[in-house]
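Structures follow.
Note that chain A is present in both complexes that follow, paired respectively with chain B and with chain C.
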Partner chain A sequence: MFFRENPVPARELSVNLRSPRAFALQFAFVSFLGAVVYFAWPKHVEAGRLVGTGAAQNLFNLFFLGQYFLLAILAPTFAAGSITGEKERKTYELLLASPLKPSMILFGKLFSSMAYIIVLILSSLPLMILCYLLGGIALSEIARAYIVFFFSAVTFGLLSLACSSYFSRTSSALLVSYLVILPLALVCVALTRTDPAAEDTVTRDFISIAILPPWCLAIWTIVTALVTRRLLRPPDVGSEGKDVVDEEEEMKFAIGVVIDRDLFPDKLFAPAKRNDLMPDGTNPVLDKELRSEIFSQGTLMLRVVIQVSMLLSIPLMAVFLFWKPDQASNYIAYIIIFNMLVGPVFSAGSVTGERERKTLPLLLTTLLGPGRIVWAKLIAALRVSTVLTFLLTEQLFLAYIFVPQLQAVFWRLAVDLLIIAVSCLATTSIGLLCSALARKTSVAMITTYLSILVLFVGPVGAKMYFQRTIDSRIEEDRIEVFSVLSPFAAVFSLPEANSDETRASAGTGDHAVKASSSWMIVGGVSLPLWSVFLLFYPPFCAVLYGLTYLAFRRRWWRAGIE
Partner chain B sequence: MIEVSHFTKRFGEFIAVDDLSFTIDRGETFGFIGPNGAGKSTTIRFLATLLRPTSGEGRIAGHSVVEEPMAVRKVVGFMPDDFGVYDGMKVWEFLDFFAVAYEIPRDRRRTIIGQVLDLLDLTHKKDDYVNGLSKGMKQRLCLAKTLVHDPPVLILDEPASGLDPRARLEMKALLNELRRMGKTILVSSHILSELADFCTSIGIIERGRLLAAGSIQEIQRRLRSHRVLRARVSDESADRAASILRDHLSIRSVESFDHSITAEFEGDDDDMARLLRTLVTAGVGIVSFAEEELSLEEVFMMITKGVVN
Partner chain C sequence: MKLKYASEILFATAFGMALARVGFLATGRHGRPFGIPPSEKLALLLGGFVTGFTLVEFIALLIERAICRGELRGFGIGRKSWSIAGLYVILNTFVYVIYFMIDHKINQRSTPVTPGFLLDRLVMLRSRSILGDLSWALVALWITARLAGDPREPTADAREILGRVFAGFVVGAAIAIQAMITFGY
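Entry: the complex of A and B
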C-alpha cells in the first residue's frame, strides 16, 4: 500500500535513481571495491585450493568495516537533506498541506533516500561471494553482516530524517546527524565486528541477531513517533514560512547548555549584537556573519553540537588522557574528527548560502570588492569552527598539567594545539573553496566532506590497507609521502607520553620501527612528520584561499549570477 | 545617463535579449514593459553589472557596465525583482549593513538611515527582524536600501509587486518624488496603469526585442496615422459644430452622437489650436475639447500584437 499509492518515493526515486550521477557513483563504488579486492587477492593462490583463508578473512573484514562506515557516511547525505530540502525550496508547506499522511511522507522519504544506499550495498554482494569462494568464511557470517547492515541503514536513515525535520537548513541537519550517527556506528562496529582473531563468536552473533534488532526497532518507533508528530503539527513558522529566531525566547526553553553572548567562551564565536551603528572601517560582511547570522538557524544546532561533543569527550578524556596517558594522541584524533565534521558547516555554505537566499545580487551591487567579501567569509567561518573545536582542548590542558607522564612531554601540548589549529584552517579553507565553486550548499557540503576525508583519512587508510595486504614495502613508501596531508598521521608521529620508559625497557627495536614512519626527508633534511605537516598546510591553505578568491571573482563577482 | 547599445544575451541556444538599444536621458523616468519572460530582468541585471552580455555594451553616467563595474555600482541603486534578506538582522541593522558596504561614514549614516526609514514609512518597524517582515514591507525595505547611498540612477525591477493598493499609490508618489529630486529612474513592471502616470518615456520589449521606445505620446502617434478628437458641445450648437468640423481641412471624418462629437484629425498641435479657435469664434458652445489618448494598455496590446512590425 505504501509503495503503490505513495507519490513521495515515486517522484524522488525517479529523480534520484535515474540520474547519471547515481550511475557514476555506483560505478565508482564498485570499481573501488574491485580494486581493493584485486590488490588484496592472495598472489600465491593456486587453482581450486583453499589457501586463502587468512586473506579472505582479512578482505571480508575490510569489506565489512569499509561498507559499514560508508553507510554511516552516506546515509545522512541522502536523508538529512530530504525534509530540509523541501523547506529550502519552499515546497514543505505544500507537502504538509497535502492530504498525505505524515507516516506516508516519512516512509516515502526514508524509502527514497535509503533505496539507493541499499542498492549500493547489494551491489557489493558478488564481491562478498568472491571472498566466500576463497574459503574460511561461513555463509552465515555473510548473512549476519547483511542483517547488521540493514538494521543500521534504516536506523541511520531515520535518525537523519529526524534531524532533517527538526532543523531548517540542510547543513545543520547533516552535521547533527553525523554527530549522532558516527558514535553509534563506532559502538555498533565494536560490538559486532568480524574480527577473525576473536575467539568469542557466540557473543558477537548474539549481539548481532538478538540485541541489535530490538534496539533498532525501539529507536525506529520513538523516532517515527517524534517525526510524524512534528509533521502533523509543525511549529509556527510565520506567514512567510520562515522562522524568525528570537534568541531570548529560545533560551527560556533550552535544555542543558545555554548560549550567552556576553560570557566567555560563547562571546568568542558569537559576539554580542550591536545596539548602535557599526564603526567606520568595519568589514560589514564579517560583522554580519558573526553577530547576526550565526544563530540564524536557531541556537539549537550549536547547542546540540556543543553538548554532544562535550558528552563524548568525557569518556574519551578519562581513558586516553588520565587512564592511559601514553595514548593521548587518540584524544587529539577525536578533536580533529570533531573539527572535520564541524568545520565545513560554517564555511561550505557561506557563498552558496547567499545565492540560495537570493541576497547575492544585493551584496554584489555594493562597493564591496571580492577580496573583502571572501576574507570576511573565511575569518567568520574559521573563528566559529576554531572556537568550537578548542572548547574541547580544555581537557587537554588539564591533563598536561595534572598527569605526570604528560608533564614529562609538556612541549607536545604546543604541537598538539598547532596541529588542531592547522586542521581547523584546512577544513575551513577547503569548505570555502567548495562553496565558491558549487551552486548548492548541499553539494558544497558533501564535496567538502569528501575532500577532507580523502586528504585527512585517505593516506592513513591506504597505508593500513597496504600494510595488511601487501608484503612489498615499495608501495608503502610511495604512500608514505601522502602522510603529510593527514593530521592523524602527524599526531601519531609525535612521541607518546612514556616512550622514554618503553625505550629503556623494551630496547630500541620497537622504537626504531615507529621512528621510520615518523620522520621524513625533505630536501635532504630529515624532519619529523608533524613538522612537515605544520609546514605544508599553511601555504597550501593560502593557495586554496587564492583559488577561492579567483573562483568567487570569476563566477559571481564579475560574471554575474544566472 | 543610461545607454544600452546592441545588448544581446544568450542562455545556451536560447536568445533571451536580442540586439537591444535605447537611451535614457538624465532626469527621465523610463518604464520598461513587456510580457513575462520578455527579457526585462535580463536587461536590468546587465545594467546592474550582474550579468555579462554575450555582446553589446551599456553605459551608465559615462561608465561602462562591463569594464568599470565599481564606478557603475557607485551611481546606481539597484532593486532586484526577487531578493532575500539576511537572517537575524533588524531593519536598522540591514540598512546599516548596506550603508557601510557603500562606504558611508558613520555620522552621515545615522541621519541617512533615519531619512530613508521616514521616506518609506518604516520608522515604526525599525527594531523588527527583517525576515519577519511581510512581503510588501520587505519590498519597501529594499527600496530604502537602494537609496542609502543617494545614487543619481535608480534601477528598479518590479518595485510594486506584492504591494497593497495603498502602498502602490504611495510607491507611485515616492517615485514621482524621486524624479522631482532629479534622479534618473529605470523601472520595469507589467502593471501598465501604474507606469502610465509617471513615466516620461517607455520601452516595450517582447521576446528579447525592443518593439518601441520613446515618450508615450510619440509612440501613440506612431501607432495611429491620425489623432482622435473628442468634444462635447452645448445643446443648441451641436449641429453647427458638426458641419463646421466636416468642412474643416484637417478633419477626416466626424461622428456625432447626442452632444458629443468624435472626429479623426490630421495635423499638429497648432492645427488643433486653430481648429478650436474657429469653433469658438463661430459661436459654438464648447463644454470639453480634447484629444483622445490611447491608454497604455491599448498601446501595449497593439504593439505586442505586432501592429508596429
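Entry: the complex of A and C
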C-alpha cells in the first residue's frame, strides 16, 4: 500500500530525479569523493599490489569522513523543502484534502527524498571498493560504514521533514534542520569513525551496530508520531503558510525563550512594529525589513535557533574556555559556524522573498533607487545576523578576565571579535548576492551555504586533508594561500594560551603563550594570517555588494518583472 | 522566558564556571595537591559554580527589585532562594575579608588581602560550606513556607522557577557529595 497506491513518491521521485539539480549534485558528490580518493592514493602503487594497513585505513577513514560530511549537508536540502515546498506552492491543502493517510504522505515524502540520498550512497560504492583493493580493510568494516550511513541518512531526512512540517518557509526549515543535524552528525562521527591509532575497534563496532540502530529507530518513532499528528490536525491550514503570524497569540503558546520587541536586547534585532509615521530621511525598506518583514512568519525559527545555540554553547564554553583555555579558538570556531548557518537565512531570501510574495513589483514602483533598496536589505540582514551571533560572545569576556592564560593574550579578544564581525559581514554579503542572482529562496539558500562552505571550510579542510594524506600530489604551500579566505584559519593562526599542564611543568608563568604559526608574505611584508584575513574581507565584501547592486539593477530593476 | 533572562542565565553559568576553575586551580596553588579525593574535587567544582551563579542571579534580583519597585509583589520561594543564597555568599565573604584584614593589621600574620588571593581562598575554602550549610538553609526555607501556608504562585516567571530548580540542585549536590564521602570516595 505504501508503495503501489501511494502517488506521493511517484510524483516526487519523477520531479526530484529528473531535475538538473539531481544530476549536478550526484556529479559533484562522486567527483568530490573521487578527488578525495585520487589525491590520497598512495604513490607508486602498482596494480595488484597491496599497501600497508596504515595507508589503506587512512584512505578509508578520509573517505568515510568525506561521505558522512556530504550526507549531513545534502540530506536536508531535499527533505527540508518537501512539505514547506507544498506550502509555498499552495498545494499543501490539496495534499491534506486527498484520501491519503498522514503516514502515507510522510512515508512518500521521506522515501522520495531518501531515495536520492541512497542513490548517492550507492554511487560511492565503487570508490569504496577501490579502497578495499589496497588491502588492510575487511569487508565487514565497509558493511559497518554503510550501516552507519543508512541509519544516519534516514534519521537526518526524518528530522528535516519534521522541521519542514513545523515551518512555513523552506529557509527556516533548512536552517533549523542544519542546527539540529550538525551536532548529531559530529557526535555520530566521533563515536563511529575508524581511527587508525585506536586499537579498540570492538567498542566502535558495538556502537555502530548495537547502539546506533536502536537509537535511530527510537528517533524515527518519535518524529514519525509528531509529524503524522501534525499532518492529521494541521494548525497552519487556511493561511497557505503566507499570512502574517499574530505575535501576541504566538507568544501565549511559546515554550522557552520568547521575543519581546520592546526590551533589550530583543529590540536590537527585532524592533517593535511602527504605529506612527516614519521620520523624514528614513529608508522605508530598512524600516520595513527590520520591523515587519524578517519575522512576519512568526518567531518560532528564531526562538529555536537562539535556544539551541545557547544550549550548545554551555558545554562548549565549559570545555574550551574554562577547562582547556589553550583551545579557546574552538569556541570562536563554534560562533563562526553558528553565523555560517544563521547569517544566510536573513539575506538569502531578501530579494527572492519579495519575488515569491509578489511584492517586488510594488517595491520597484516606489521612488527608491536600487542602491537604497539593496543597501537596506544588506543592513537589515547584517544587523539581525550580527546581534544573534554576538549573543554568544558574553562568555568570552568572562573567560578573558578570569582565566590567567587568556589574560596573557587579552588583545586576542579584540581580534576574535573582529574576525566574528567580519564573518558576519561576509555571510550576509554572499547571501544577498545569491538572492539577487537566484529566482527561488531555496536555491539562493543552498547556493549561499555551498559558497560559504567552500570559502570558509574548504581551505582548512583541504589543508588538513593534504597533511594527513601520504605522498600527497599537491604541495601544501599552494593550499596555504587559500587560508586567507577562511575565518577558521584566521582564528587558529592566533597565538594560543598555554595549557595548565605546560604551565605547571615548565614553570613558564601566566604570560607565556604559544606563538602564532601562520604568516603570509604580502607585498614583501610578512603579516600574520589573521591580519591578512581582516584586511582582505572588507574590500571583498564591498566587491560583493557592488556585484549585488549590479545584479539587482540588471536582473530586476531594468528587466522588469516577469 | 525572555531573551534578556536567557542571556543572564548564560552569563551566570559562565561566571559560575569561571569561579569553579579558580577554586579548583587555587587548591593546587595553595599547597594542596591535585590528588584530592573525588568528593572534594566535586565539592570544589560545584561550590565554585554555585557561588558564581548565585552572585550573578542575586545582583540581577537586586536590579530587578530596584527597577520594578512598584510592580513586584512579594517574593516566592524561588526568589527567596536567590536572596538567601546570594546574601549567604556575600555575608560569608564580608566576614572573611574583615577577619583577614584585622589579622593582617593587628597580628601581622596573614598575607595582604588582594582580590586574586581573596577569590582563590574564598572559592577554595567556602565550597564545602556553600554546598553544606546553604543547602540545609534552603530546605529549611521550603519547609517554613509550607508550614506558614504560603500560597503557591500559579503564574511563576522564569526567575522564580529557576530559583526553585537552583535550590533543588544545591540540595541534590550536597546530598550527592555527602553520599560520596560516606562511601569513601
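Criterion: the second predicted complex is superposed on the first by the 523 of 562 C-alpha atoms of A that agree within 3 Å, B and C clash if a C-alpha of one lies under 4 Å from a C-alpha of the other, contacts with A are read in each partner's own complex, and residues count from 1 in each chain.
Note that in this section a residue touches a chain if its C-beta (ideal position, glycine included) is under 8 Å from a C-beta of that chain, and two chains touch if they have at least 3 such contacts.
Given the structure is predicted, the values throughout are model-derived calculations rather than measurements.
Engineer: Based on the superposed arrangement, let me know which partner A:266 touches: chain B (first), chain C (second), both, or neither?
Structural biologist: Once the two structures are laid over each other on A, A:266 reaches chain C alone.
Engineer: Figure out whether A:288 sits in contact with chain B (first) or chain C (second), or with both, or with neither.
Structural biologist: In the superposed model, A:288 contacts chain B only, not chain C.
Engineer: Now for A:143: first (chain B), second (chain C), both, or neither, which partner does it touch?
Structural biologist: Touch partners of A:143: none, neither chain B nor chain C.
Engineer: Based on the superposed arrangement, let me know which partner A:414 touches: chain B (first), chain C (second), both, or neither?
Structural biologist: After superposition on chain A, A:414 lies in contact with neither partner.
Engineer: Output check: A:306 vs chain B and chain C. Expected answer is one of first, second, both, neither. What do you get?
Structural biologist: Second partner only.
Engineer: For A:542, decide between first (touching chain B), second (touching chain C), both and neither.
Structural biologist: neither
Engineer: Where on chain A do the contacts from chain B and from chain C line up?
Structural biologist: none
Engineer: List the residues on chain A that touch chain C in their complex, please.
Structural biologist: Of all residues in chain A, those touching chain C are 256-260, 263-266, 306-307, 310, 313-314, 317-318, 321-323, 391, 394-395, 398-399, 401-403, 500, 504.
Engineer: Note which residues of chain C are touching chain A in the complex, please.
Structural biologist: 1-4, 6-7, 10-11, 13-15, 17-22, 25, 28
Engineer: Which positions of chain B touch chain A when the two form their complex?
Structural biologist: For this pair, the touching residues of chain B are 11, 45, 48-52, 69-70, 73-74, 76, 78, 80, 82-89, 93, 96-98, 100-103, 105-106, 109-110, 113, 129, 131-132, 134-135, 142, 145.
Engineer: Quick one: in the complex, what on chain A touches chain B?
Structural biologist: Against chain B, the touching part of chain A is residues 238-240, 242, 244-246, 274, 277-280, 282, 284-285, 287-288, 292-297, 357-359, 361-369, 558-562.
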